[in-house]
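Right after this note come the structures.
Each of the next two complexes has subunit A plus one other chain: subunit B in the first, subunit C in the second.
Showing the complex of A and B:
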């Protein structure tokens, strides 16, 4: 037994956990369970990034998605009034429509995934801090700035929406 | 693959090494928590002119061990309507990120779990994960005090993470690396980062107090308002894990971060004297520096009263975050303008620190005057009606 075998095993475990927890998020009947399973999915995604050698992205994944977004979702859940009516709004049972839409969305993803053969010229350690930072601030400066403007607009919108009067 | 000692198969050694590291970290945290609780009680007793624990063992040294044994032996008791799975999961969710944080802390030259090149980011990440467990604990207890405690804690931790991480980033800019080992190595001799970026240290210190739920920011467990906050329904070793182990573990970690980033970590006289004495002395300096900060935390707990939740939030969002952002911008600009020397950064930082310390009373005076004016208007407006 050697280390070569560990990587596929880890990949399999992580993939199973991601798909299983993702299904759990959709199918669970309680909003807190869904939120916690979502955090679990994000953690496993971070594990995938570590497996790919992109520890920086994995750390940001956990920092932002587990540490901030999931907590904010839980925060929101706890401020919503609890009762059977609220759950009825959260969990709509439109299984057939949902299944058809999911299948339609899955088809292009699967087509891309099965057409994938070779990663080509990916530089080793491309997910490290320094290459990541330099590519964000040189090659992808415009998308990065556009995303920050979008976030700023969203934040101002949220403040305007919740401001009294 | 690293070949093991004594001709061990590298594959076996891989798992054995992991096991040894985890056991060492657990022993460190368990004993560290016991020692810290004893210190906390003794120091508070001294400051309040009491004796503190003195019955069990010499100087009461074994008191906390007895307490821990009692906690372990306690019945596993849960209130009827708690959310079982979440209730059991919450202490683990709080404890495991704290345990994992010890991996990247450089205890001495060459003694570190893993020299990650994103060490500080890793610590910040794990620090943010603990919030999830606290919120879940508050939710699962099915108790309004727990819920409010959990929510307060989430708000407080998320708010104070921002100035904390911004101060860390300022230190990282000055050092030029996120690796904890590189940061410790970059400060040889007496000229450590504290002389270069004192303001970042002060802001991080405040944020660290808030992130570890220590006084004056211990609102989530304010006993006069919230019983014990998110810990209300917990008892036995679950309570011990959540409160004693995790709180003191987190205090140890933030103090280790402070001593590494601003005070050179294991740097001190005689750390390069030899292959054996070097690491031993390094460990000694590191422990002394870390425990010095822990003692300051305890001193603050015995001295300062608790803040109100609105004071806490407005201090963070209106003062601390703008200040750390300004500090970050000034530091980054000066580092780009003068890449060879850190003197301009140091001058700017000391000036900003002076402005912060001297400006606080002025801001407070203005705030009080405004509040009094508003009160007076309200009484004048209410007078004709009565």
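Showing the complex of A and C:
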């Protein structure tokens, strides 16, 4: 019985960490703090994927988000000097309007979000790697190839954009 | 299979993180922080995709497939986004999006 409570407790801890670190990304004054808190958010999100039973997605999450994207962002931070204006968060003209718009948009969505109910008869299943792979390489083979073209285009585009004459 | 945590809780967490990221995009003016907040929003949608995929009783993993494509798009987006930030920084030494006004009509 006490074993059943592990799932809600884990969900609560992970949700607290995700929301807290997410707020930290927005509110932190130092940009390096923001970047590391973003990595922490992604790490906790990987735990949430494991809780949902999507272990493969959790592994991708750690490899791509915590590994690649955080390092890329940290390189961006290092290549650009961060001036004192990064600290002047709440004294800018669009802050109030932006926060009000985000809150107004959030309220109805949050109200609807809790209304979703689980389907009654979800069949138990094992890991998600085999169905994921068979979906990607059968039904989604063409989008998969298109994604590789997108990655190639992004790579060439990024190189061309930052290339010196 | 015990499902003590309802689907709605996952969707609400996803929505909360999405709007935290949206507030960050609207409020922060540092281009790199804005990129980070866009990543938060993309990751929040991933949680919604996985939750619906695992909990709505469908037999395949279509939601998880979409998450893989979101990963691809997020990686491409952050690479091109940082390249644009660095290129704009070379023209005008600032990462503040309010000061990059060359394309304003």
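As a working rule, the second predicted complex is superposed on the first by the 134 of 165 C-alpha atoms of A that agree within 3 Å, B and C clash if a C-alpha of one lies under 4 Å from a C-alpha of the other, contacts with A are read in each partner's own complex, and residues count from 1 in each chain.
FYI, contacts are C-beta pairs under 8 Å (C-beta built on N, C-alpha and C of every residue); 3 or more make two chains touch, one makes a residue touch a chain.
Predicted model only: the values in this text are computed from it and were never measured.
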Subunit B and subunit C placed together on subunit A: clash or fit? fit
Next item on the list: Identify the partner contact of A:78: answer first if only subunit B is touched, second if only subunit C is, both if each is, neither if none is.
Entry: first
Partner chain(s) touched by A:67 [first = subunit B, second = subunit C, both, neither] | first
Q) Who does A:59 touch here: subunit B (first), subunit C (second), both, or neither? A) first
Chosen between subunit B and subunit C, the partner touching more subunit A residues is C
Is A:32 touching the first partner subunit B, the second partner subunit C, both, or neither of them? first
Exercise. Which holds for A:131: it touches subunit B only (first), subunit C only (second), both, or neither?
Worked result: second
For subunit B relative to subunit C post-fit, closest CA-CA distance rounded to the angstrom comes to 13
In subunit A, both subunit B and subunit C touch residues 56, 60, 68, 72, 75, 128
Touching subunit B in the complex, subunit A uses residues 1-3, 32, 36, 39, 55-56, 59-60, 62-63, 66-68, 70-72, 74-75, 78, 128-129
Residue set of subunit A touching subunit C in the complex reads 4-5, 7-8, 11, 15, 18-19, 22-23, 25-26, 31, 34-35, 38, 41-42, 45, 48-49, 51-54, 56-57, 60-61, 64-65, 68-69, 72-73, 75-77, 79-83, 85-86, 89, 92, 94-95, 97-99, 101-103, 105-106, 109-110, 113-124, 128, 131-132, 135-136, 139-140, 143, 147, 150-151, 153-155, 157-159, 161-162
Residue set of subunit C touching subunit A in the complex reads 1-24, 26-30, 32-33, 35-37, 39-40, 43, 46-47, 50-51, 53-57, 59-62, 64-65, 67-69, 71-80, 82-87, 89, 93-96, 98
Per the touch rule above, subunit B residues touching subunit A in the complex are 1, 11, 14, 83, 86, 89, 116-118, 121-122, 124-125, 127-129, 131-132, 135-136, 138-139, 147, 150-151, 154-155, 158, 161, 178
